[in-house]
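After this come two complexes, each holding chain A, first together with chain B and then together with chain C.
Right, the complex of A and B next:
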């Protein structure tokens, strides 16, 4: 008895909500689909911009990390170097002797990279870029300030090298951003070298 | 009970309209959140470049101070004055904070100093301890 009543109730509900339901008109459907399309378009646009921004950020971070490492390498070698001379067009080249007696030249190349050339003395010749391909070095210049030391350092010249680098990231999402970095590094001659 | 009390038969297209509105609200909320995240990312990407400039400016401050101090034994205050006069082409700047000058009373060389690099609203600092 109870089962019969239950079955009747289920049948009634099924008929009420699924069988006897009226359809939507074309106008209603058009309005609904139109609204949905507009909302979806806005959200997809926003999502695409977010992805592009993410790509740009990754590319910028890679470029900045890469130039930081290249600068760090140059600065380490300059700190322990001597006999600095800047040269080249727009002073985009620096030459010096490093702590093991090799002639080192860092220069800005036409391939938009920073190049390190090692030769001289007993050093094996080595030439190659120290920046990766995912950054473009747009400009680089050096400025060597040399001052004579006093006291126990008299007769020794102290050098302060200013390095200016302008880089841009690999084009990401059609955007290329430039960053100018400037820093100084002093050659360590605290022990009379 | 509430479900059965709703008269869907007579509401016709309003159910669909309501559904679209609810969906719209949900999607709009997601879009707003995505937009917020995007704006944070834009800020972060700008900060990456600014941070690099500020770090290297702070580093330049350290190097300049060491150059002035060790070249001719300039006092901390003299070195600070000489270094802070210099201007950067990329508009970054640095400030030197001296501490513990009394540790080297004869030379006036500070025990340690902090170089603070600044570019726009980004600050980065490097501390050098000469007492070790």
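Right, the complex of A and C next:
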């Protein structure tokens, strides 16, 4: 009996002195909320920048692909063409006769695109841009070098056309990237044309 | 008397008997470490993706530069004839510059026989031009290759 009374007293005293208080203090709460806010703001900021970068990369790759296709088209036609002349302000235009006898002109337009004009000969008139709206052609120039043939090719000039294009992507997240491309194409003149 | 003793015992040993439910230093270090690694990882990913923009742009420009040298070789072959096929492989003979600057990147153009040899194969010529450039301290290179035949 005495032992029981003693145990009860000990339990009472233990509870009195060491009762477990299961709550956060204001300071703990403030620190936790503060840390959470800082980490979340940094993470969301990084995430938003990553999305912007991804958009920028996509638009830049689309612009590069597009100008690549336009260049391929021009190069293919120049390879099989003849009678090249560059003209226009800053030599931003090239005219020649293509393999089926059409007069072709590639030019840099004020709408920031590359235009292909086809007329003359037996060809139907056709005019239009060969670049899409999602790229901006900032500059383009042509340089035609005529290299005289030697030996059995003397009397024939072999043209080497330099194409310089400067493009930029559609503005993504307020950023515009510019890319300059320069290449050369040699006209094939197999029959001394 | 006994009650007093018990009370004293509890008072004296309060600190020792208290359930200390805080975090250990090692736990805190590990937690902070994980958060820091996470944030730094995201930031490095971001910076890599920004760097990739320039690399992709330089690769595009580099490919066209390489192709332009192959075209110059073809022009030389057409102008001088098939007998000059080996002479045209000489960049000095072609009179072309072996360095070009585009978009703030310096490209150097050369024949790298160790990875891609330009050579006379009898009835055809293999032309392989290597374009090399530096971007953010790293070396990048690409090779453009073409074959030309004596079909005239």
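One rule holds in what follows: the second predicted complex is superposed on the first by the 171 of 193 C-alpha atoms of A that agree within 3 Å, B and C clash if a C-alpha of one lies under 4 Å from a C-alpha of the other, contacts with A are read in each partner's own complex, and residues count from 1 in each chain.
By definition in this document, a contact is a pair of C-beta atoms (placed from the backbone, for glycine too) under 8 Å apart; a residue touches a chain by one contact, two chains touch by 3 or more.
What you see is a predicted model; the values in this text were computed from it and never measured.
Colleague: Specify the outcome, clash or fit, for chain B and chain C once both structures are aligned onto chain A.
Modeller: After superposition on chain A, chain B vs chain C: clash.
Colleague: After the superposition on A, what does A:60 contact: first (chain B), second (chain C), both or neither?
Modeller: both
Colleague: Touch test for A:69: chain B only (first), chain C only (second), both, or neither?
Modeller: neither
Colleague: Using the touch definition from the top, say if A:48 reaches chain B (first), chain C (second), both or neither.
Modeller: Neither partner.
Colleague: Kindly classify A:32 by the partners it touches after superposition: chain B alone (first), chain C alone (second), both, or neither?
Modeller: The answer is first: A:32 touches chain B but not chain C.
Colleague: Just chain B (first), just chain C (second), both, or neither: which does A:24 touch?
Modeller: A:24 sits against chain B, while chain C stays out of touch.
Colleague: Quick one: classify A:40 as touching chain B (first), chain C (second), both or neither.
Modeller: So A:40 only meets chain B here.
Colleague: Which partner does A:9 reach: the first (chain B), the second (chain C), both, or neither?
Modeller: It touches chain C, and chain B stays clear.
Colleague: Touching chain B and also chain C: which chain A residues?
Modeller: Comparing the two interfaces on chain A, one with chain B and one with chain C, the shared residues are 13, 17, 20, 39, 42-43, 46-47, 49-50, 53-54, 56-57, 60-61, 64, 68, 71, 147, 149-151, 153, 158, 160, 162, 177, 179-186, 188-190.
Colleague: Of all residues in chain A, which touch chain B in the complex?
Modeller: The contact residues of chain A facing chain B are 13, 17, 20-22, 24-25, 27-29, 31-32, 35-36, 39-40, 42-43, 46-47, 49-50, 53-54, 56-57, 60-61, 64, 67-68, 71, 75, 147, 149-151, 153, 158, 160, 162, 164, 177, 179-186, 188-190.
Colleague: Where on chain A is chain C touching in the complex?
Modeller: 6, 9-10, 13-14, 17-18, 20, 39, 42-43, 46-47, 49-50, 53-54, 56-57, 60-61, 64, 68, 71, 147-153, 158, 160, 162, 177-186, 188-190
Colleague: Mind listing the chain C positions that touch chain A in their complex?
Modeller: 2-3, 6-7, 10-11, 14, 17-19, 35, 39, 42-43, 45-46, 49-50, 52-53, 56-57, 60-61, 64-65, 67-69, 71-72, 74-75, 78-81, 100, 102-103, 152
Colleague: Using the touch definition from the top, list the residues of chain B that touch chain A in their complex.
Modeller: Interface residues on chain B, with respect to chain A: 4, 8-9, 12-13, 16-17, 19-21, 23-24, 27-28, 30-31, 34-35, 37-38, 41-42, 44-45, 48-49, 52-53, 55-57, 59-60, 63-64, 66-67, 70-73, 88-90, 92.
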